[in-house]
Amino acid sequence: MDLNIPVLGPAKIRSPLKLSTVIGDMVANFVLDDERVMYDISLKHYMECMENRQELPLSFERAGPREFIYFDPSKLHVGVVTCGGLCPGINNVIRSLVMELHYHYGVRKIHGFKFGFAGLIPDEGHDVVDLTPELVRGIHHEGGTVLGSSRGPQDVGEMVDCLDRMGIRLLFAIGGDGTQRGALAIHEEITRRELKISVIGIPKTIDNDIQLVEKTFGFETAFSIAIEAIRAAHVEASNAHNGVGLVRLMGRHSGYIAATAAMAEPDVNCVLIPEIPFELEGERGLIQWLEKRLQRRKHAVIVVAEGAGQDLLEHGTGGTDPSGNRSLGDIGLFLKHHINRALDEKGIKHTLKYIDPSYIIRSAPANPNDSLFCVTLAQNAAHAGMSGRTGMLVGLWNNVFTHVPMKEAVAKRKIVDPEGDLWRAVLESTGQPAKWS
Amino acid sequence: MDLNIPVLGPAKIRSPLKLSTVIGDMVANFVLDDERVMYDISLKHYMECMENRQELPLSFERAGPREFIYFDPSKLHVGVVTCGGLCPGINNVIRSLVMELHYHYGVRKIHGFKFGFAGLIPDEGHDVVDLTPELVRGIHHEGGTVLGSSRGPQDVGEMVDCLDRMGIRLLFAIGGDGTQRGALAIHEEITRRELKISVIGIPKTIDNDIQLVEKTFGFETAFSIAIEAIRAAHVEASNAHNGVGLVRLMGRHSGYIAATAAMAEPDVNCVLIPEIPFELEGERGLIQWLEKRLQRRKHAVIVVAEGAGQDLLEHGTGGTDPSGNRSLGDIGLFLKHHINRALDEKGIKHTLKYIDPSYIIRSAPANPNDSLFCVTLAQNAAHAGMSGRTGMLVGLWNNVFTHVPMKEAVAKRKIVDPEGDLWRAVLESTGQPAKWS
Amino acid sequence: MDLNIPVLGPAKIRSPLKLSTVIGDMVANFVLDDERVMYDISLKHYMECMENRQELPLSFERAGPREFIYFDPSKLHVGVVTCGGLCPGINNVIRSLVMELHYHYGVRKIHGFKFGFAGLIPDEGHDVVDLTPELVRGIHHEGGTVLGSSRGPQDVGEMVDCLDRMGIRLLFAIGGDGTQRGALAIHEEITRRELKISVIGIPKTIDNDIQLVEKTFGFETAFSIAIEAIRAAHVEASNAHNGVGLVRLMGRHSGYIAATAAMAEPDVNCVLIPEIPFELEGERGLIQWLEKRLQRRKHAVIVVAEGAGQDLLEHGTGGTDPSGNRSLGDIGLFLKHHINRALDEKGIKHTLKYIDPSYIIRSAPANPNDSLFCVTLAQNAAHAGMSGRTGMLVGLWNNVFTHVPMKEAVAKRKIVDPEGDLWRAVLESTGQPAKWS
Amino acid sequence: MDLNIPVLGPAKIRSPLKLSTVIGDMVANFVLDDERVMYDISLKHYMECMENRQELPLSFERAGPREFIYFDPSKLHVGVVTCGGLCPGINNVIRSLVMELHYHYGVRKIHGFKFGFAGLIPDEGHDVVDLTPELVRGIHHEGGTVLGSSRGPQDVGEMVDCLDRMGIRLLFAIGGDGTQRGALAIHEEITRRELKISVIGIPKTIDNDIQLVEKTFGFETAFSIAIEAIRAAHVEASNAHNGVGLVRLMGRHSGYIAATAAMAEPDVNCVLIPEIPFELEGERGLIQWLEKRLQRRKHAVIVVAEGAGQDLLEHGTGGTDPSGNRSLGDIGLFLKHHINRALDEKGIKHTLKYIDPSYIIRSAPANPNDSLFCVTLAQNAAHAGMSGRTGMLVGLWNNVFTHVPMKEAVAKRKIVDPEGDLWRAVLESTGQPAKWS
């Protein structure tokens, strides 16, 4: 894994930020270029490195403001684009980017492209928005994105033409896995053309599934709102005789939302996520488990991530959405019908209530902790861009903000480790079986 | 610094938890005793250790369930006590402790002491509560603590007498700095008497100021609710001509709540915390700054932590509260009066609105992320106690749950580093001066 | 219409309530039996009555505590049953009933039947719950009903047998139209058997559709939570190019929730309710309207009540649910598919997001105003029952709590008047057409 | 009492609103000028009128759109001013006024005066804001008022000069008792000068204390948020031994907020309001009551309205605020100190927590039901103004929107009737004594 960050060239301009290079003067400091945080922080890894006399363990560059920057703020044109599905916090990121670039660096030209990458394609006919402090001041109180969004890739050449034509030298691409692939393609085309345009990614995935990034914005807000659905499911289930509450949550490839929401509202009795296969029938299957649970407690609450149990569905829909995401079969509706039928066949009178809160979740404004996270994330993205770095996204690792090469970040998805701490805590909280077969 | 954890004796009983010792079987694993996480995770520290050929860098033991435990669950009597001021999440911790000990370890006797350490003193006459799953099932939806709380230390000998007399062999002490000092004293008296009683601390400080612990429960909920007060202050300030909104937040020694709340609701123009001295008068003083801000923008929002600017007050009240905390002078009211007078003297017509939301904050139920944190924290506390560890508290470091010796944790307070990342981000968000003199 | 209230017999026992019969002594007063509030409060109606020399205009008996009561509280056994779908506020009503009967009247035996009318049928095997102040103290913070609920009628004779056998002389039936019909049947069977058992209904319909009752509890909470879904739909719609947000809300026969929610969050562009027929096709149809709206504004938000446009569906499912409610076809999903197809056929690229928040709404706890309403409603229900009234429910009319004969209340449904003030205000708020054909 | 409404002249222009004059055509109707709603709706009052052969009982004109209007919308200049303390819902009212006037009547010039009546005084130097649909579209999600506010009267002549000079022919004055007095003075000066300018008041009092108006906007939001403080007080009180929670709520002259909040969160044990005198000492005094309550239940929650018990304070501050409101002594702090001292003197160890949430409450955005109310209120204000009515405010009576002459509305304050239904319900909910001496 190569965690080095591409740069456009040497940073020679003194940063306008009023920070210190002196430790002990009670003034916050610039970050040095050689400050790095270790990838593996276990003592065991340290000892292995020592033994192997490996030159250096894997580490990330720390994010933060640099004493010297690459771009001249007074001449710089910046672009911002938001792509993919909605996610709490996009407006917070936009607002903080604008505030940081405007007030601290003195950048005066920040252009917002409308409706995702489509906004860079002239034929789509979307306007460009001037992102000023006045415009963005209050947007963090609203969900969604003031720039609008869309799914799907666009022609890379046309997009780079657009940037070049508009004189944009620094592009912030706020989006998920697909967006970061798109941004990487733009970066590579820029490199091929030998242009001096920086592309900085800001990872936005409500599912929290970007590799090498510990936490993405919007994820906490998402599972926090999801617990409203879980509470509802629990009230419905426990207020009926043999009540079953079934909640479908987001999580196409990774079960983070389902897993964390189920622990945050610990009335959940079973969580199903894409990472852990499960069976419906048989002695250790879900139906048998549910039957026993109803016998013992007269109600049950089940949370299922949208990507769970895809092998049980007959082929999903077979298609893909405009972002290229494989269309998933609806495991929530499938389970609803299957459980109803299975319990009916066993003659168990019951009531099942099914809740799918997805759109209410993704369009919500960021909660305070996400808001805090977005502010710092955007500040660090601005710092990285101004320093001339490119082809990277801003991440978090072991609680430290880092620079992550786009190439490595999009190489695969981050998933819940079935043998790790999070999933173990879920099993202890729900009391569900570790294996279903 | 000695980060080794005391133990009562060898753990010889096989844990009843259904976890795996095999990596790769898709079943969550026990944590091994030699799993440790590094204290300093910078690459620089790694290189220094290498150079110095220092035997091993400083590291924390990882928290988590062990394959072998010390106590026989069927015979174990557990005690739980909650002390000090209210804090969101105490009930979540109690609930999860009880659920983990009852359902996973099979402990049947869990006693809750009422009203803090006073509940261990016979003369106070408080009842003991049986903490059963039925009793605790719904308590996490309510703020406060079902056990009640009180401030202040009690006679250590009497408390150990009480534990011994009741046959309690494992005590969980949920509380802040003072409580952990008390728990340490109990642990030391137990050690002196050569009793086999484990004392496990669960750090509870809404101010997030416990040394060697990255984050404490309730803190996020606290600054999240605090932003309601900040929003109110901003609306009041910006709806009046020369409006000033002044919000006093918690933070006796450490400004974490003020700093994070001000970033999470970024309409704050100035944050004052105990770690950063400030002047009122003079060219770089607060009043001058405020005057310029009003000239430029016609309104201002100021957040002040309760422990800030104590040097400006005439000696506070000079006393201490029952927990031994030094009574602070009220910097909020002081600033309110001082600013009003100073602006009046300068002939600046203005309106100042002062908000102190403290009690509304500390009595709230935990928000979802805090709730999630409390569940895992309590699980790990239960694991630590069952394994025979003692004189320790459960912490978080670089996002990993750890064991922290009480002795080291209470040695000093954690404070906001004026030269660190958090405070730098605050300065960038508010635009306030780095220094006031 | 006969608005007289049946009574079991003369009220001869002096009420234990410490109220006054004297006006002007600054102590709250008992309500007199001849206090009545007019049904039609227009001046025009007054003049018509005058002209016609009609003996008396139609009026309701006012609810409230009477100086003399019928039942001896010390000997009275009370029953409480909750039926039908969940609705915010049921627990508040139960709590206040118990508190009023226990603390103010001194009733010591209050039995809660589990799972609706089924709880009165021995063969169903449900336990009876002792409703004490301790049990109900905190229940108003949780949604649902501590008694559980179920749909569907039960054998009237068996239910009266049960009441008689248990010695219950006062039954509170909390439920909607179907429940009140059931309660009326119980009342009539009691009358036929010449038993002295009072049956008091407390109208519970989230749809607010009970005749002669201005407002039912839970309704305000329902439309208040519904606006979260509307906000989500608006964010989704306005963040996409040609975005359409479609929200399905409750309202089988009456569009109150849809109408009020759409005004409370006035970003709604069109509301469809059962009372107003609409067309899909044609020059004045919904599709044409939507097309124009998208041309003009690039997004649209539509709210549809579940009972709207049933004539457009192919026969619904033809069945009924256990409460005898006709099964409705799903107008929400129908519209989603129809709009998508129609816009696709016209070649209009668009994005439609569909939200159905029903279960999250109905299982929520009551909001403060509903909570306030539930307290007073339950107090007045207790007063009515203690006074020996029967076969009635407690209502609200022109903002005054009233007694309503069950017979009249269940005669038909209350619906939104297409020519009345509420619907006119909706039309002004949304700007939608008054007619669709 | 004279409930007739002044008019500027005959309404001769056909309204552009697409409403019907035909009953039965399923299209919402215009309101006729002779539609009136009775002031006293009791049957007793009806009978008295009959007996007295009184010509007509007292009645209000119904609000609503008229078929003919007075002003030509295309030429009309409208002014909007917001005065006094903040209150939830002001922005909702402004938004709906603008939307109604712009989209339905076609008015194109709507001017917003900044910072209250001061905005009409040239010397104050405040700008005038163009209130367009674009500007107001999202303001209802934020508390406060986009126009800003200020307290205090201004020179009436100068204000009328301003209106005349700017060509404003219709002024909406959103504010409380003082504002409506100011608006009445403006109306009277206009009448004296024989100008054709309509002045329409929209009553805004968070205390809900305007005579002849059943409910004012913001009031429900206020008591709804107040219950957060009550919950906090209850948690604090019940989590300490002999804990006392004391909450000060708004209510200078009228205890509506305190009374309703205490019922909506029924853990309150005692409510003190301006309308009911109370004693501190003596056998029936508050201290004695509190002592008994603590003996029995170990905690107590007290809610006090800011205007309660003013006779107990030594003369308040003797002054008035800029609006002419008498400065009240702080009964909350007084009670805090008095109770602490009194219990200390009796040797009762206790903990008292005092909460004053005022500014958090008044700066909040309107809750959904208030939002709904604001929409309809503003629509009706627009209708009244366009019809040429003047010197009136829009009210609500027996749940019907009405026109109320300013003169009658400001004649005295509305207060809680100590012998009425609301206060009786409070007494039943808290169980507190009806009298304190």
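The first chain written gets the first letter, and so on, giving A, B, C and D; residue counts start at 1 in each chain.
Keep this in mind: contacts are C-beta pairs under 8 Å (C-beta built on N, C-alpha and C of every residue); 3 or more make two chains touch, one makes a residue touch a chain.
Only a predicted model underlies this, so the values are computations on that prediction, with no experimental measurement involved.
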Other chains in touch with both subunit A and subunit B: C, D
A-C or B-C, whichever has more C-beta pairs in contact: A-C
Chain centre separation (subunit B, subunit C; CA means) in Å: 45
Mean-CA-position distance for subunit D and subunit C (Å): 28
Residue numbers of subunit D (touch at least two other chains): 142
Chain-level touch network, classified as line, ring, star, complete or other: complete
Complex contacts: residues of subunit B adjacent to subunit C: 138, 141-142
Of subunit B, residues touching subunit A in the complex: 17-20, 23-29, 34-38, 41-44, 46-47, 49-50, 56-57, 59, 64-65, 95-96, 99-100, 103-104, 140, 214, 220, 223-224, 227, 260-261, 263-266, 276, 367-369, 371-372, 375-376, 379, 398-401, 418-421, 423-425, 427-429, 431, 434-435
Subunit A residues touching subunit C - in the complex, by the definition given at the top: 86, 115, 118, 126, 142-145, 148-150, 228-229, 231-233, 235-236, 238-241, 353-357, 359-360, 362-364
